[in-house]
Structures are given as C-alpha cells and as structure tokens.
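Scrolling down, you'll hit the structures one after another.
Across the two complexes that follow, chain A remains constant while its partner is chain B and subsequently chain C.
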Partner chain A sequence: MRLTWCSRRLLLGGFQFSCRTLSQAARAEPAPSAGQAGPWHLYTAVCLQRLPVVAPPLSEMERRFTALLRQLEFERSLKSSHEIRHEMDIATAEALRASEGDDPDLAEAASLQTAADFEDACAEELAGFEPAPTVTEADRAGDQRSLQRRLSSRLVLVVQQRLGAGTSWMLPQGRHQDGATLRQVGRGAAGDTPRQTAEQTLQAMVGPNVNAQFLGNAPWGFYKYKYPKPLQQESGAIGGKVFFYKAVLRGGPVEPVADRVADHRWLTAAELGGQLRSGYRRAVHRLLIDHD
Partner chain B sequence: MWRRTALLVSSRSAGQMVRLSTSAGRPRRAPRLVKVTNQKLEPQYLTPSEPMVPVYDLLNIRLQAYDFAVLEHYAKWVHRMLRAINVDVEDCWATPHTSARVTRLKPNTAIVETSYDLNLYERNVQLRDLPTTMAPVVIDLLQHSTPPGVQACLQRHKSEYDEVRYVPDLQLKELKQQLAEVGMDPDKRKRRAAQEAAAAAAAAAAAPEKS
Partner chain C sequence: MALSLGLSTVQRLAANVLDMSLSRSLCALTISTRRVISTSSPAAIAVSHPLCAEPLKKKKRIDPAVVRAREERRRRKLEKAIRRLEKSSRQLKPLAEMELPREVRAELSERRRPARPLTTEEANERFDLMKEWTRHRREQHVADVAVLRRIQESRAKALRELRAESFQLYCAAIEEDPDLVPWAHSGPTLTPPIDGYDAPDGDYVDTTRRWE
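This part shows the complex of A and B:
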C-alpha cells in the first residue's frame, strides 16, 4: 500500500493516530523492489565448525595480570593445612632431636610421611606426566586439510565446490527446491524445510557418516548473487539467494565426495579472508564471532 | 454490574451459500450472563495473549567442573550474560557436589601408590520462557564461552533435579525401615486408612451379629 505525498500530508495534519497505523501496515507489506522482476534460486549453505580443543594462550597483559592476582591472593591468604603440617613436622623433628630419641610417641610421629616427602612425591609424579602438545604436527606442516591443526581456534569447513564447468571456494552449498508457490513458507517440492535441505546438503558433500549438530531451524546469514548472463538465460533465474546454517562437528569422518567437491580445507576465521571472495566473505564473517 | 450477551453464530465457507442462523428451528438458549467489571476501564493491551514465537517452559543450564573457582566465576558470567541479552533468568542454584576417590595401585599388587579425592561441583542457571528463536543463540554463546574444564549442558527441567538438592534424613529413613521390618506400612496415611478400614469392618461384623 503506497501513501502518496498528498495523502501522507493530509494524514499527518489531521489524524495522527491513523497515520501511524497506516504506515505500520505499509512497512508490513514490503514494497516490490526492482530485483523481484524474475525468480531467484534458493540455496542453503552449511557453516560446519570444529570447536576449539584447548584454550587459547594468554596475551601479555593477561599473563602479567594473572601473575599479579596470584601474588595478591598468596599474600592475603592464611596458611593451608599442608603448610601447618610441614611446620608441625619440623617441630616434631626438633623435639625428637632435643629428647635424643627417648620418647616413643615422638619417634612414631616422625616416622610417618612428612609434608616435605609428600610434596616431593607429588613433584615427581608431575614430572612423569607429559601433556599432549598444543602445537601439533599438522600445525608445523601447515596441513590445512587436517582437523588436528590450530587446536585453540574454531575451524570452518570450506570446499572447492564444482559449479557447472568450473569450481569455486565456498561453504558447502546445495539447491533448495522451491515449492509450488513462493508463498509456501520455505517448504521445498519434496516437503523439506530449508534446515532439512541443509542437512541433506552436508551429507551429500562430506559423506553420510558425519555427525553434525545443527543450531536452530532458522538461517544465521544470507548472501545474494547474480548469475552471469548466459546462465541467467539458460536457467531463467536472475541469481541465487544463499541461506547459511550453522553446525558443530560432533564426530564422525568428514569424507568429501569427489564428484561434488574438488578440494576441502579447514580454516580459521582469519584465514577465510584469503580463500573467499570479498562479498561472500563479509556475509560469512557475520555468522562467526571472531576472537582473533 | 451484569450485562446480557447475545449469542452470535454465523458460519460461512467459501463457495457455499451464506446461512444465517435463526432461533426459529431450535429451542432458544438462555442468554449468557457475563460479569463485567471495569471492562471499559481496563486497557486492551493487558489481556494476556499467546507469545508470537513458541517458548520453552523451563530450561536448565547445568555447569559441572572439578575446579571450583573457575566454575563459580563462569556461572556468574553466564547469569550476567543472559540478563544482558534479555533472557528471563528464573533461578540460579548450586547442587551439592559428588565425590569420587581415584586410587592408583602399584602394578600387580594391592599397594596404593596414589589416591585422589575428586569433587565434581555443579551450578545451575534456570531460564523461563526462552523463545525458540533465541535458543540457538544461547547455545552458540555457551559453546563460545565455556572455559577449559567446565562442561555445559542445556536441558529441560525435571522434578528430580530439585529433589537431588535436598539432604536426605537418614534417621527418618532408618525408622521407616524398622516399621517395614515389623510389618507396618511406613506411610502414615496408608496406616491410618488401613486402621479405619479394619475398624469399619469390625463395626460391620458386630452390627449383623446384633441383628
């Protein structure tokens, strides 16, 4: 519903309340834009993430502040039971030396494991424990196809997807078949919701054994692009609208299917910039919370 | 102040003739009396309505960790973060911890080499009426923010989670067990009902005897 210049002025002058409701109604029905002259193909893309395995290292300021807090806590704290036990052991040893081994109770008390012995045993056990390395082989080799890389960051799966004759680096994407009319709220011809299409797309791209947990039924992002002219004439659509779904990798092997995907990489949010086109990259970055 | 409301019934479906209902053919119903108090004075927006998006009734975020300091700070952070994004935080409580002792024996012997006493602490944050559209956002924020060593879990609330918080009365349990051994039902109400039934049966037996 369009309000012409004259009618809007009349309304503003006379009936304030009805103007507000009318303009709300106008906003509710979107005005037809130039881009709606022809149909758009709908796609769903999946942003599959591997969660970080270890915490990221502390920055310089964080390290210094942590050290300061530890020192303050130590200075303000009372003695722990271990320290009190250590002092009592020293006193017992002194008393034993003073009595020259006559007192049997003192001798018995001194023969038990002292706090110092306990501490030494703990230190020895800690030295024997070797934690897994946070910088792995894949990090050193720079193998971007490995999931063992960059354990303190999130990794996003990016595939070199075959599109027609050529390939393109993007998040795994699949066509969402439109329903009979565009009015049907998102359901495809087979009765699939976009979220179901996204799940099927992921399984088609990286194999059926992948265990991914999808976050929500609603898309997290959107990207619109126009087909090149020959493809527009061939397919009858102006371009594609991509709806991004977020998923978290819970396990299962990721085996890219060769006839859909030429190559795949697991990249951090910062590395995505180098791999994706600028407009697409901006749409994808809106999905991700960037810590780096 | 009472007012009569007239019954208005009209049914129409696409393509059919409009049938206006009249009370000619069927018996007239008594008009419904509706108590109207301040109907003209109450504003319309106070009428409770359904939320536009379906909501989850009660959800619990359960945080478990062996490191107490980290867990407490994270629980506080989660509570503040959820309030900042206008999620209705209903309740926040600490469940009693569970203890475990891990003993390492020297190989092929029963001699204890080391033993550890581990306490698994737990904190819960309860959300009320979380819109289903906000739930994935909350899950994503939890996944991004969980510190190392803390396990976060989002689950629907069950009554067992409340009962776990109560300290069991061991003395009472022992007394009830003694009653059960003697043969009496530990439940007081059932005992009283049984006594009354026995008394009624005795009275019924005595009455036919008299007559």
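This part shows the complex of A and C:
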C-alpha cells in the first residue's frame, strides 16, 4: 500500500490524531500492519429480517395505565351529542309513561330511533366484520418455515447452507472476491463492494425475486473463525472473516435455492440460540434488536 | 407668418397676446441677438417647428427643512403602518379545530358532567399508578438506549475490522447510500391484513371548509 505523508503520522492501528477531522483521518490510508501470518478469506452474510406486522399486546402495566387515561379523559370531557340524545330519549320515555299515552307528540317522539337503538345497530355492523387473527395457524403449528408466525416480532432468516461436503446453520453467507487481486469475468467480478457481494449472495441463496432493502453500505457485525487444518493448507488462508449486512424484507417470494441451501427457518432473536453455534450466535445477536 | 411682421408691429403687441397666439399655433418664438448687418431693419424674429408641448414650468426652490419634514412624516407613517401589521401577525389566530363548536358552546351548562369528588384512596391509587408508569417508561428507555448502543458498537467494530483488512473496501463501505433516505415504512397495525379483502364502497360527506 502506498504510504502517504499523513499515514506516517498515524499511530499503527490507532485513531490518534490531533487536529484532523474524522473524515480526513478516515480517508488517510493506514500504515501496513505487521505480523499477519496469512490472508483471511472475506465473507459477507445477510441478516434478512421480516419486520413486525402487528403491534404486540399491551402488558399489564400498559393496560392499567391506559384504563386510567381513559377514565381521566372521560371525567374531563363534555357530554357528546349522542349522550345528550340518549338522555332526552330517557326523559321522553319517562314523560310518556307519566302521561299514560295521552300526548300524541310524545308518542311520536318516542317512536323514532333512540340513541340506544342506534348504538345497537352500530355494534351489530361491527360484529359483522371479522378481523384476521393475530395468533395464526403457523403459530399454533409452530411452523418455523412460515413468515406468518409471530406476527408481533421480528423474524431473521437462517439457512442450512451447504459448505463443501457438509451443511451448517448460519445466516446466508457468500465469499467476497477481492477485485484488486482477482481478475475474473462473471459473478463476483472485480471492483464489487461488500454490500454488492451481500446483495448477490442473498439473491443466489433465496432467489432473484426477493425484494429486500439493505440498510446502508456499512456492515453491522463481524465474526472471525479459523478453518480446520486440512482446509487451511488447501486454501492457503487461516480462516474467514464474516461481515454482516442487514436487510429488511419488503415483499417478494423467498425461494431458497436447493443446491446452495438445504433448509431454512425464520427465527426470532430469542430462538437463534437453538439453531446457531454460540460464538456465531453472539456475533449475530449483537446486531439485532431483541426485546420483542 | 411672423416673417412679414416688422419690428414696430412686434413692439405694439402685448406679451400675453403674443404668447397666446404662439401657443395656439404650437410654436415657440425666438429672437436672435447676434449682430446682423443689413440695410433694412429686420426683426430677427423666427418661429420654430411646431413643438406639440407646453414649455416646462419654472421649478420653485423648496426649503430643505420643509423637504426633511415631509420625508420624516412619510417615514413615520410607513413605520406606523408596519407596526400595525406586525401586531396583527403576533396575535395568535384561533384554530377552528381547537375551539368548541358554536352549538356546543351554547349548551355548555347542559353538557357539563356532574363533578364526582375523588376519595382519598382513589386519589392515592392514581398517584401511585402514575409513579409506577414513569418508572416503567424510564426502564424501557434505558433498555432501548442499551440496545442501540450495543448495535452501534457492533457496527463500529465491523468497520474497524474492515478497515484493517482492506482500505478500499472500507472506503466503499462508508459511502453514503442515497436509497436509504427517505426511509418509509408503514408500521405494525392492531390486526394483520386480510388476504384478498374487498373493501366495501362507502359514502362520505366532504366537510372541508372553504373561504372564498
């Protein structure tokens, strides 16, 4: 790497500079790090999330406080026209009973639709509408491959990816080819940014028709692992460095490609522990919102 | 016409009569003062081409103090007008949506609810519940901040590692993403959408107020 005049003033691997703006320092090339035993393969992984479809039910505290707020609002309000009408209906009915049906005007007034009748008619109309249930079939069946499960939580796509001979449960991951060192035509061509690699990886794993919006050009998480010895010798690299990218599922069918992916699951943050290895799970968990 | 007039004729005519007759013909009169040698005594009077305009009035000199006084009066008038307009803009205009409708305001006495006094127990319960709620919301906020900080740190670490690995990739990663802003998402609803729901057509009455 070229050593520019400003990089010589940066301490090795640190961000200590006195009067330089952050962006200037960021754009200055770092000094070459010493003592790297061998190259690491770079991977990008995609954390594809389905956002919550329904709001979660109110907690105990929220229910009590909502009731208090409703009560306060009722006490501080004026009567609505509907309530006034209801009171007048009651008064008319009373007057009619007192006069024992002699007064024709009262009789006519009492025969019109009362406020109570109107309320009942409205309630009947509402009962005729059947909203979709928040707890779906997939919830009851525990179908982890379905997107209709756990509608009030975020779901993350986890795949059983084929690696060499075996498979492994992980987020969809693809190798990043460094354009500067590799002159190749076709997939993973020279000059791809990690984000582009992530997008290509996702399409390769779950089909080209998925509509995912990626959240920015920067990775959100990092995980490093060493290859087993035979693979180290074979590939010439110590291991892999995985950079996680986040994406939001906007629609489109998720069709896992059979020759890359054996199986897939949509899991909440809490359920990831059951599927992923602990070190990997910790790295993934750090970049997720997990309180739902 | 005037060339035929002799000097004696000009002397006999009064000044205003001369002026009137000239203006009727829209001409101006000139009398030459150059030395002319001639055997007869020409009047040296000439008449110009028709001018189609009156000669300009003589400009009277105005006292500078009077001028300044006039300017001052004009400025004070304008300032007063500006202050009046600004006062109007400082006043808060009434919002129709925030005011009670006219019909309701007329029947205010009938619409008031009978004030039901709270017992001490009820008042204490409400007070305690509100305190519990503020504690609960604060805990939620603290938890949210912790989650966000954890995610930020995860990203900072990822960027550090990427920078250590490859500077070019790092520069590509910290580029702005123009598709990210504006971000739009319609949030969670109370019930999920019904598949293939056919919303029934309805009537509505447009009550938008128009001022014309």
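Here, the second predicted complex is superposed on the first by the 220 of 292 C-alpha atoms of A that agree within 3 Å, B and C clash if a C-alpha of one lies under 4 Å from a C-alpha of the other, contacts with A are read in each partner's own complex, and residues count from 1 in each chain.
Keep this in mind: a contact is a pair of C-beta atoms (placed from the backbone, for glycine too) under 8 Å apart; a residue touches a chain by one contact, two chains touch by 3 or more.
Nothing here was measured: the structure is a model prediction, and the numbers come from that model.
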So, A:Leu112: does it touch chain B (first), chain C (second), both, or neither? neither
So, does A:Pro194 touch the first partner chain B, the second partner chain C, both, or neither? second
Counting only touches as set out at the top, which of chain B and chain C does A:Leu126 meet: first, second, both, neither? neither
Is A:Gly216 in contact with chain B, with chain C, with both, or with neither (first, second, both, neither)? both
Look at A:Ala165 in the shared chain and tell me whether it touches chain B only, chain C only, both, or neither; answer first, second, both or neither. neither
Could you figure out whether chain B or chain C reaches more residues of chain A? C
Does the superposition put A:Ala258 against chain B (first), chain C (second), both, or neither? neither
Is there a shared patch on chain A that both chain B and chain C touch, and which residues make it up? 51, 54-55, 215-216, 218, 220, 248, 289
Listed in rising order, chain A residues that touch chain B in their complex are 51, 54-55, 121, 125, 215-216, 218, 220, 246, 248, 289
In the complex formed with chain A, which residues of chain C make contact? 100, 104, 107-108, 110-113, 116, 126, 129-130, 132-133, 136, 143-144, 147, 150-151, 153-155, 157-159, 161-177, 179-180, 185, 188-195
Touching chain C in the complex, chain A uses residues 1, 13, 26-27, 29-30, 33, 40, 42, 51-55, 61, 64-65, 68, 75, 77-79, 84, 131-134, 136, 151-152, 176, 178, 180, 193-195, 213-222, 224, 241, 243-244, 248, 283, 286-291
Note which residues of chain B are touching chain A in the complex, please. 114, 133, 135-136, 139-140, 143-144, 147-148
